[in-house]
Amino acid sequence: MDFSSLSKTVMKEIGAVSRLFWKNSLKQGQAPGALVHVGERLQQQPRITVFDYTEDTVDENTVADAEACFAYRDTESVTWINVDGVHDTDLVEKLGTHFGLHPLVMEDIVNTGQRPKAENYGDYIYLVFKMLRFDPTRQTVMSEQVSLILGKNIVLSFQEQQGDVFNPLRDRIRQGVGRVRRCGADYLAYGLADAIIDGYFSLLETMGEIIETLDAAVMTDPSPQTPQVLQHLRTEAMVLRKAVWPLRESVGELRQMETPLMTKMLVPYLADLYDHAVHVADSAETLRELIASLRDTYLTTISNRTNEVMKVLTILATIFIPLTFVAGIYGMNFEIMPELKWRYGYAYALGLMLLIACGMVVYFRRKRWL
Amino acid sequence: MDFSSLSKTVMKEIGAVSRLFWKNSLKQGQAPGALVHVGERLQQQPRITVFDYTEDTVDENTVADAEACFAYRDTESVTWINVDGVHDTDLVEKLGTHFGLHPLVMEDIVNTGQRPKAENYGDYIYLVFKMLRFDPTRQTVMSEQVSLILGKNIVLSFQEQQGDVFNPLRDRIRQGVGRVRRCGADYLAYGLADAIIDGYFSLLETMGEIIETLDAAVMTDPSPQTPQVLQHLRTEAMVLRKAVWPLRESVGELRQMETPLMTKMLVPYLADLYDHAVHVADSAETLRELIASLRDTYLTTISNRTNEVMKVLTILATIFIPLTFVAGIYGMNFEIMPELKWRYGYAYALGLMLLIACGMVVYFRRKRWL
Amino acid sequence: MDFSSLSKTVMKEIGAVSRLFWKNSLKQGQAPGALVHVGERLQQQPRITVFDYTEDTVDENTVADAEACFAYRDTESVTWINVDGVHDTDLVEKLGTHFGLHPLVMEDIVNTGQRPKAENYGDYIYLVFKMLRFDPTRQTVMSEQVSLILGKNIVLSFQEQQGDVFNPLRDRIRQGVGRVRRCGADYLAYGLADAIIDGYFSLLETMGEIIETLDAAVMTDPSPQTPQVLQHLRTEAMVLRKAVWPLRESVGELRQMETPLMTKMLVPYLADLYDHAVHVADSAETLRELIASLRDTYLTTISNRTNEVMKVLTILATIFIPLTFVAGIYGMNFEIMPELKWRYGYAYALGLMLLIACGMVVYFRRKRWL
Amino acid sequence: MDFSSLSKTVMKEIGAVSRLFWKNSLKQGQAPGALVHVGERLQQQPRITVFDYTEDTVDENTVADAEACFAYRDTESVTWINVDGVHDTDLVEKLGTHFGLHPLVMEDIVNTGQRPKAENYGDYIYLVFKMLRFDPTRQTVMSEQVSLILGKNIVLSFQEQQGDVFNPLRDRIRQGVGRVRRCGADYLAYGLADAIIDGYFSLLETMGEIIETLDAAVMTDPSPQTPQVLQHLRTEAMVLRKAVWPLRESVGELRQMETPLMTKMLVPYLADLYDHAVHVADSAETLRELIASLRDTYLTTISNRTNEVMKVLTILATIFIPLTFVAGIYGMNFEIMPELKWRYGYAYALGLMLLIACGMVVYFRRKRWL
Amino acid sequence: MDFSSLSKTVMKEIGAVSRLFWKNSLKQGQAPGALVHVGERLQQQPRITVFDYTEDTVDENTVADAEACFAYRDTESVTWINVDGVHDTDLVEKLGTHFGLHPLVMEDIVNTGQRPKAENYGDYIYLVFKMLRFDPTRQTVMSEQVSLILGKNIVLSFQEQQGDVFNPLRDRIRQGVGRVRRCGADYLAYGLADAIIDGYFSLLETMGEIIETLDAAVMTDPSPQTPQVLQHLRTEAMVLRKAVWPLRESVGELRQMETPLMTKMLVPYLADLYDHAVHVADSAETLRELIASLRDTYLTTISNRTNEVMKVLTILATIFIPLTFVAGIYGMNFEIMPELKWRYGYAYALGLMLLIACGMVVYFRRKRWL
């Protein structure tokens, strides 16, 4: 575990605030529905990929601009248009306008500071998720906003940058594995949501393993860096919880929507999705408890250790204090001090000291301090 | 960050109590509906500004008195009457009576100790918000009560003093940017509420940045002032939370109101507003957790530091105690002490001391205290 | 602030238990509905005052016994019968029987250990409140149970002792100020409830001010008495919370009651009352947080202080330990110790000591312990 | 208060576990509805007492066996059959079968590990309560399960052992005091439940008084036994809370049951019962807070005390360290030490020491450590 | 109690993470409904046992493969097919397909990372439970997923490995004890669920007893290993809570399902099951509180002990410091020190020391530090 050896500079590079508060201040003063990209610009050029399939055919394309997608609107085949790079507000606006999206939806797509939610606009359903992954270099949770639009025979998905958790799903479409080719756009949208939520579980496991490693380390050899690592983990757990907590509500709402866009066949799948959402929210809570518990153990271990050191040292010191006092007495320069003249005076003094030392040790033993 | 260098006097100037309990004691004993201004008198003269617009025309005026607004009641154009300075109870009463406000509404407008709420009076809807801004000089959250009345083709807004977050909206009205000129009074009221809630986000970010700065400082160099700053931040977070917490409920109620005053077109906008209210309430909670987490880290760091100091010093002391004891022994004045006559007695004593010192160091090393 | 100088005896006089658990043990074994006064007997003689008014006339009387009130039952004018001193169970029984109260209601009136509640008995509504005031001598929150009966054209109120928060309302009735004379018994009952809840706000402010004073004191000069004062404040806050917490629910129930006893005109007033109840409950929670926060600050300040003392002293001690050791060496009585014969031996020893002392100081400085 | 002098052996005799987890392991592997007594066997012989009454007549009997009760099933008079000692499963089975109880009800009667609950079986209502009393010898809360069956004109009650809180009710039946003789079996069942809940209040008061005594003791003279007593109290409060917490729900359910077994006349009585259940649950929470608050005060007091001791002692030690160093210097045996020859060398040394001591005291004073 | 002597290696063998997060990462990227075994493979060969019974006949078999069970689908007799070993996905798929299970149900059966839940699929009900047992060797809670399918006249149960809590139920079926043979498949499914939940109670008791033993140990002789044992217990309690917490909801849903698969006769049994689920969830919470309380006591005891040691030792040291100082004075080598020449100088010095020592002791006594 190279966690504790992380240089602090790297940790700070992506501060907690931008990930926890989802900066919105740029938007301030803009008209509602105005398209202003909020968030980091994570790649240069937006990329549009289109899947168009029926049970028997698949057509996969990377298209150059928004207009190239327009033809897919009224087809009977299922179409999935995926956009990587929402900072291109023009592109989003063109696509959105063509597919009839509400200005507020377009605003939310380009403003990456949304909470996960599910909204029914009648002709389409709008879903927001946070796609999370653990960056092993920086040991931080990276968050990316994914917007899904489920329309009639069409799914639009918007991501902040390339690279996502959908590749296995893409392969299943290409190869016709599983139900996806036989089902409609609703099942595709479910598949995308399911892939995102499945990703949370592997994140949870990664963080759980870090905690388990730390747990062993804290008990045997707590280091002064441990509080910082714990503090860092706590922030990461907060980032996770913020993405995961509203899911229960939003998937619940999705499940209860009355809409012709979702067929009856989807019901058990949505129930399963809801179950996963609840599960992941519970696990995020468990993570939090594990971190709190780790912190308690750290504090107790540290305190036990220091107490042990202090106790042994204090006992040592206390044994020598009376001895030094005896030596001090016979170091006095009084002219008449009978003991000084005794033949075995020195031996007597040493014996006296030994006696005192043994007495102290016995006393400490009896008091169970040794 | 000049936060920690804030003189305490300035901090105390605006005590937490007046901002957290929203003083109401003046009202005690008054008849319900009696107009008594409660709160600080923040400016000399009230100021009334009027916007009157249709899709094609805009008319902006600063009027002298309440009577000048009376004519706007029955027009078809949308009118926004904004009053800065609610301490002028006469003015509020005149306006309120003319526009048919309930005495309790007028009382709540002049009494700035209200919780955010939304109330449906049939002919009009009454909304209360707390407009917050971060005062960088005093490093405190300043709160101002804004009352909105949404009537037929009219919006009345009452603030405690001049200066607000509505200027971008004013510009949009003047220039006809966005939807505001094409929509009715309900959209205007929504725009005002949205501007206030957007303001919370930038406040949250400011406070988040303060915490991030403190966070770095606490780990590398915790100062004795840190607890005071934390205590101060905690109070500010409470001020924020008090304004923000009831929002979820009040915007939720607004959303569910059955009233002809709000058109169907507003539904997605209110959903968006609700979403923001939930988001901001969540973020206030996150802020609280960050502060608590910071406090934990501070305490752990301080405790680690002191332990380190104590430990090293105690070890040092303990090594010297037996050495001083040996010196004490050979400082005794017994007449017969063979070692004293030895030729290499002195060297032997020094050697003995060295031996003891080395033994202690080895022992401490093995116990991992060094 | 003479809070911390309060003698402890005074504080204990009115124990927390009697105010927090509202002693009920006397009632044990009694039949439900049996009239047993539970609570302190706070005054000698019960006192009955009667207001009887219409829009045009007011009649105010202090009557001698229950029978004198009987005539007010069937009048068209609004009657308010106020009884100070519920320990006189005979009086309560006579009144209650005449006005048709249920035995359980009469039991609850004389048993002052009730939670605030609102109950609809069809012919009348029964309300229980806790009237609180801050006793500045004992620095404690004093609680008194007020029972209100709202019947047709009549309000009965029962208090434990003379002295209440209703005088401004009495004045408004006498002088015909405000709506009260023009409205019915329902508005009167609302006015009484409103006066009680308004009283909570001034109590909250008083306690908030105590906390603010303490807050300043804790940071600059924490005294060993502070924990006791905090513990006391915490108990007072619990007394307050116990009175205030059930209000939200009981006023909410009152608001939803379907009864001919309350006219439609009362609806906004009850909404306002509910709003105040919520507000006061929130503020009680804020108070609790402020006290907890104060306690944290106290502990941190104390711990910082002690650490500072210990640290400086330990450093001082540690510097002198090696010096004393050097002195001890040259105090040894070996016959052959070359340094002792040196001409500048003494100066050398002093120099050595100075060197060691400086070395230690430099080391501490570098470690940032000084 | 002889609480803290309690020998620990006595405390441990009745462990927390058996009272908090309500042992159920005996039941494991048994068929649902199998009658296995779970709990301690608290008395030798079960005892059956029967009250049979109308408004005019009372008949009170102690009967020998279950069969003697069979005749009471179809009478018009109200019958109360009370069984002390549920370990006799045969007896419970005979009675239960005759009166038509469901096997699960019979199982719950003999298995004393039930949570308080209210269940409607159509022909009868089944209620479970925990009857608590404070055992002053062991200073513990003793819990006994009471099962009530309310059938047509009949109430069956099952207790674990003789001795209960129903004697005042028995007297009222015998003497015809109050409503009980004039009302039906439903009022009788209410009366029993009311007596049990009233018992909680006196338990709460007893525990509140123990806390108040401890509170005074903790501030003036905290003893090392205090944590143990607090830990013990905490467990007792948990026992209480476990009995009291589900009451709110179960009495609430009882109140909402639609059943011909309860007449309309009972409505306000059930409302009152519910009110008491809520009150007692709140008070249990208050108790918990008081104990937590006491623990905080204890820790703060202890910590304050130790700090005070350490501080004074450390200061004392520190003053003497430089003095001893000075003495050490002039105890060195250098041949050439001018001061030693001075006429007033000794006085000078003593003076120097005095100077240093005063200097230290002044410094400590100025730093406010003395 | 051999708890604290547990070697840490054993403890770590089964890490908290795998039991708390129910690893799901293998599933990532798989199509929903794909059968991938997630969890440890706990035994070599799956084992299928079949019970087929009517009121009069019982037929018990261990069958070789899935096909051997197919004939039981359409019989009138009640059939219970139990599969030990869900890692054989082929077997599960064959059975599932034959009995018409939804792919998602089959996926959940082989993926042992499910939360307890109850789902109604129309033709059958799907239940998931966690069967827990306490492994006394490792002192850990072992969790095994049990899936139940209740169809028409059939119950399928899937476990991870052989060995369960159903043997008493099996005996009752074989011997015709209790209701099970007379009732349908719904009662059988209830019996299985009841057996699992009953198992939780004995686990709770075991953990309660460990806590009680620790509790006694912590007060009399806290060891440095205690925090580790507490940390371990805390994790075990979390494992328990995770299995138990969702039960309340899932059994509640089961109870409210409208399905012809469950007869009306089951209603009180489901109520009882729900009651047990609530009870066990409450008890898990109690366990958590007991552990927290134990931790508090441990910390307080440790802190009290260390304080006691430090205090006594510091007092001892402080008494000797002035004495050593006096000895140091008379060890100075000034030529003119009158006391040194005194006849009783030595006795005077010793007397002075005695005086100082007594004075200190008296002072400490008066300050109540001794």
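Chains: A, B, C, D and E, in written order; residue numbering restarts at 1 for each.
Here, a contact is a pair of C-beta atoms (placed from the backbone, for glycine too) under 8 Å apart; a residue touches a chain by one contact, two chains touch by 3 or more.
Here the structure is a predicted model, which is why all the values come from computation and not from measurement.
The minimal number of chain-to-chain contact steps leading from chain A to chain E is 1. The chains that touch chain B as well as chain C do not exist here; no chain meets both.
Separating the centre of chain D from that of chain E, both taken as means of CA atoms, is a distance of 26 Å. Between chain B and chain E the centroid-to-centroid distance comes to 42 Å (mean Cα coordinates, whole Å). Residues of chain D in contact with at least two other chains: 310, 314, 317, 321, 324, 328, 331-333, 337. Those residues of chain A lying in contact with chain B across their complex are 12, 15-17, 20-25, 27-34, 102-104, 108, 113-115, 117, 119, 121, 224, 227-228, 231, 234-235, 238, 242, 245-246, 295, 298-299, 302, 306, 309-310, 313-314, 316-317, 320-321, 323-324, 327-328, 330-333, 337, 339-346, 349-350.
By the touch criterion given at the top, residues 165, 167-168, 172, 177-180, 190-191, 194-195, 198-199, 201-202, 204-205, 208-209, 211-212, 215-216, 219, 268-269, 271-272, 275, 278-279, 282-283, 286, 289-290, 293, 296-297, 300-301, 303-304, 307-308, 310-311, 314-315, 317-318, 321-322, 324-325, 328-329, 331-338, 369 of chain C touch chain B in their complex.
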